[in-house]
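Order of writing sets the labels: A, B and C. Residues in every chain begin at 1.
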Amino acid sequence: MKDIKKLIGSLSALEFSKMYNNDFLLTWEKTDQEVAAVLKVAEILREMREQNISSKIFDSGLGISLFRDNSTRTRFSFSSACNLLGLEIQDLDEGKSQVAHGETVRETANMISFMADVIGIRDDMYIGKGNTYMREVSKSVVEGNKDGVLEQRPTLVNLQCDIDHPTQSMSDLAHLVEEFGGIENLKGKKIAMTWAYSPSYGKPLSVPQGIIGLLTRFGADVVLAHPEGYEVMPEVEAIARRNAQESGGSFVKTDRMAVAFKDADIVYPKSWAPFKSMEKRTELYGNRDFDGIDRLEKELLAQNANHKDWECTEELMSTTKNGKALYMHCLPADITGVSCKEGEVVASVFDRYRVATYKEASYKPYIIAAMIFLSKVKNPGTTFGKLLENKKSRHFE
Amino acid sequence: MKDIKKLIGSLSALEFSKMYNNDFLLTWEKTDQEVAAVLKVAEILREMREQNISSKIFDSGLGISLFRDNSTRTRFSFSSACNLLGLEIQDLDEGKSQVAHGETVRETANMISFMADVIGIRDDMYIGKGNTYMREVSKSVVEGNKDGVLEQRPTLVNLQCDIDHPTQSMSDLAHLVEEFGGIENLKGKKIAMTWAYSPSYGKPLSVPQGIIGLLTRFGADVVLAHPEGYEVMPEVEAIARRNAQESGGSFVKTDRMAVAFKDADIVYPKSWAPFKSMEKRTELYGNRDFDGIDRLEKELLAQNANHKDWECTEELMSTTKNGKALYMHCLPADITGVSCKEGEVVASVFDRYRVATYKEASYKPYIIAAMIFLSKVKNPGTTFGKLLENKKSRHFE
Amino acid sequence: MKDIKKLIGSLSALEFSKMYNNDFLLTWEKTDQEVAAVLKVAEILREMREQNISSKIFDSGLGISLFRDNSTRTRFSFSSACNLLGLEIQDLDEGKSQVAHGETVRETANMISFMADVIGIRDDMYIGKGNTYMREVSKSVVEGNKDGVLEQRPTLVNLQCDIDHPTQSMSDLAHLVEEFGGIENLKGKKIAMTWAYSPSYGKPLSVPQGIIGLLTRFGADVVLAHPEGYEVMPEVEAIARRNAQESGGSFVKTDRMAVAFKDADIVYPKSWAPFKSMEKRTELYGNRDFDGIDRLEKELLAQNANHKDWECTEELMSTTKNGKALYMHCLPADITGVSCKEGEVVASVFDRYRVATYKEASYKPYIIAAMIFLSKVKNPGTTFGKLLENKKSRHFE
């Protein structure tokens, strides 16, 4: 049992006032202290729940979710986060409404937001689209609030876009902080973010991009490994490079998985689609060239099949630091012989780290709740203090 | 910031005791004082929310929604209203259940209502069906309550039927009260409810019907304009006529948009389907004659296309009172060159009133909450007084 | 108005400590006192609600529902139960996620459960599958809780499986207790659970199985009647036989409806599918032999049609005890001339008992809430005492 008052104390030492009444779209738009504040608030919220203390700050209010891609983990994490703070989930099911691009984004954003305190969006399928859409929604509700249409400004939380997956990368970071005993202990660690083979294609780039965009900030040596043709967005690589420089770490690229794994402290082997093909897919989609998309998908699967040797094996794991690198995955993983014939990771490696990956995922509801909390509460320290004083039970017996 | 106690005071001057434990199906079934009470309660609830005071009157309980037509605005408004008062939304998705007409309406209505405090229904597609269905549901749960099956009587709120759209027309009225500084100021105003061209067909008649059925009650001069063949239900016209007579206003019809706009204080240009065709469609649907429906739809689109000149233009707007009539719309509008090639309104007019139409929509959650509140609370003045005393924050900081 | 304190007193006399932090999967896994405790807690919760006293024990938390078959009644009952206790419903829609068998059951179960206090599952379509799946989910979250992945252990509630339908049979029991003035009055009563004709096929066996598995425990004479070929699972018959022996009642089978109805105090005529065919169907499904399934369905309908005389008629009813047996049904019933041409029951019989069957259904939300309550509250008597003291209104006026 952690001392919550102590945690609140260390939160108060941080500067994060600009997060108030603001969105969370990309981790690299946030300062180091803001990132630290999210981790700290998430830790406090988790500890409060474990100590059965309510952290409900809303008596009523809606949390709107908009998923443009199937989702279980993130959907439930967002629901859990909203519920923890007292917001009721209202899903915007585009099949049951008529949301289109253009004029109506502004309109729909306002129409659903009269009593919305937060909007969470996943829109990760098309390069150049998802993040842009989120900003359009955000701009619309900020305007709506200014114009007197909305009584409050709904906070936008990026639940995965084409560029970043901040609730994932921040959960991964929370997991690392716990595993390594502090964010400062990431300094000098070797982190391998590597592509891995999967029988599917077209997985979003936002996970590797989110990882290199965030984990390069703490003095670690981050290696990005992938076969030729599986490049990520150059803009995000540039951010990773700048981060590494500023933090005293490094960011290097390699086209050999073995190089990335060698002496790594942390490995994150995961499939993703090639950026250029995703760009092409977005273009084809824009032209409604569905035959073209079919052809492209077949090409991509064939291209993928050339790289079946990109698999996280016991052999590779044995080359990591003391043979004991921390294996990470955002889940679900493609596990060879379990969820597919040939996949990202062999079963024995995954099994050894299964519980660890579940714990890695368990931070997400708290990370999302922390993002909302920091946007909705002006003086988190004071508010936490009052909640502790109230000592309302989360589960009354 | 309005003085809530003063608002409560003026509410107490009104007689609305019959709204307790009752439904809200048609505005013309309610007295003027009852209509005024809904507006007042909506105003109080909005002000309470703006002053961050909780108006939660339910600790648990469900608000059931049943949408037989796609909906974003009304769905979110109903969810917001229920949430504001403390009810959790449970959507009755007929695709996931098996609700049919006949014996099972009574049964289903009871089966979903064991802990339901309110049921909101949208059923606007077929003439003669929607309102009838709502009454059947209401009768079923009233009986269920009497028979000891249900511990409470769920309130039925009409979220749009074939005859009326009371949550829309009441929101429109709230908007007018705000814009014109009081319901009494509608006296002598000219209100033009006019048909307008849209590339779609078959939009419900409940909006124009709701408007002429409600706005004729306050001494205004209401004009209903539409091309030949786009008549609305004669029963509702009769109500409008009677209302106008009783209120000292007028209700006239014209087949020229220009006549309606001339010197108007308020214009509401909006597409709807011809009543007779909708009746025919209901009949074809009853016979399951889907080819017939297809043919009818083509005819209707062709008929529509003859009236592309029914468009709310700058020219028409300039003929209104001082060229500054208030433009209204229930949204989404078909905006020429924006959401369609040729539509109900030109972009420059819509743009000038865009924020106003958003505000018009913003009353709906409060109007719905007020309808529920007045049905669920015996002495609203007293209950509001207690809520003010409790002073529980909606958003705790 | 019942005396709640008295009810709490009689609850305290029962031994049910093993229900704490446990699942509810099959009634025959529970002792008589545990079954009695569920009834008592349901009665207390219902009485509290009727006396407008909140029984909310959760300030936040999710109730996860997973329906692998269409549902209205049970869905709304589960939602109502969760809402009554303070849990927000989050539906796991497998169409919107990717839940499969194998490794991923464990993973998904954990991923959705970070803030889940209860998981309700309906999975009744395939013999040998549903209950097994529930146990797999339960085992996964118990492990997750032990491993530190989940902060709490979600309770699993069986909302209908291939073997039992405990929330239905327990509601039926609550209804009988009310109708006959006490569980002890079931001693010596004749209960006829009989097959009846329906134009559909393939209705789950879990209702008749649930009934014979539960109602044989109280000294009643239970008769199971069905045409040849409509056997239920032999394991459940064995349980019914053992129950009857232990309770001093009897369990007999007959292939004649009239024999079952003769002098019966309670009749439960209802269609179900033949067990052997359901087994075959599960096998065909496993082989993805959809043509085979089509053929089987046609065979089953033809087989069904041979037994149209299995109908609950006035004539049959007149042979029951004083011609006044209590007619029961889990609803919806196939009513001859109302919901189908030829069905399970004639309209006049159903009509006479319609309100009674609605009341029978009305216990389900409270039964489910009681199952959750007993798993989540260590000392129900004490907790109920505190709730009474708090005297928070369910509906504040």
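Here is the rule we use: a residue touches a chain if its C-beta (ideal position, glycine included) is under 8 Å from a C-beta of that chain, and two chains touch if they have at least 3 such contacts.
Computed from a prediction, not measured in an experiment: that's the story for all the values here.
Undergrad: Hey, what angle do you get rotating chain A onto chain B on C-alpha, to the nearest 5 degrees?
TA: Superposing chain A on chain B takes a rotation of 120 degrees, nearest 5.
Undergrad: Is the contact between chain B and chain C built from the same residue numbers on each copy (over half shared) or from different ones (under half shared)?
TA: Mostly different residues form this interface, as fewer than half of the numbers used are common to both chains.
Undergrad: Once you find the CA centre of chain B and the CA centre of chain C, what distance in Å lies between them?
TA: Centre separation, chain B to chain C: 41 Å.
Undergrad: Which residues belonging to chain B are in contact with no fewer than two other chains?
TA: Within chain B, residues 56, 88 contact more than one other chain.
Undergrad: Taking the touch rule as given, give the residues of chain A at its contact with chain B in the complex, in rising order.
TA: Checking each residue of chain A against chain B gives 56-62, 88, 90, 92, 96-100, 102-104, 107-108, 110-112, 114-115, 117, 144, 147-152, 376-379, 382-383, 386.
Undergrad: Under the definition above, what is the set of chain C residues touching chain B in their complex?
TA: 46, 49-50, 54, 56, 67, 70-73, 75-77, 79-80, 83-86, 88-89, 331-332, 335, 338-339, 355, 358-359, 361-362, 364-365, 392-397
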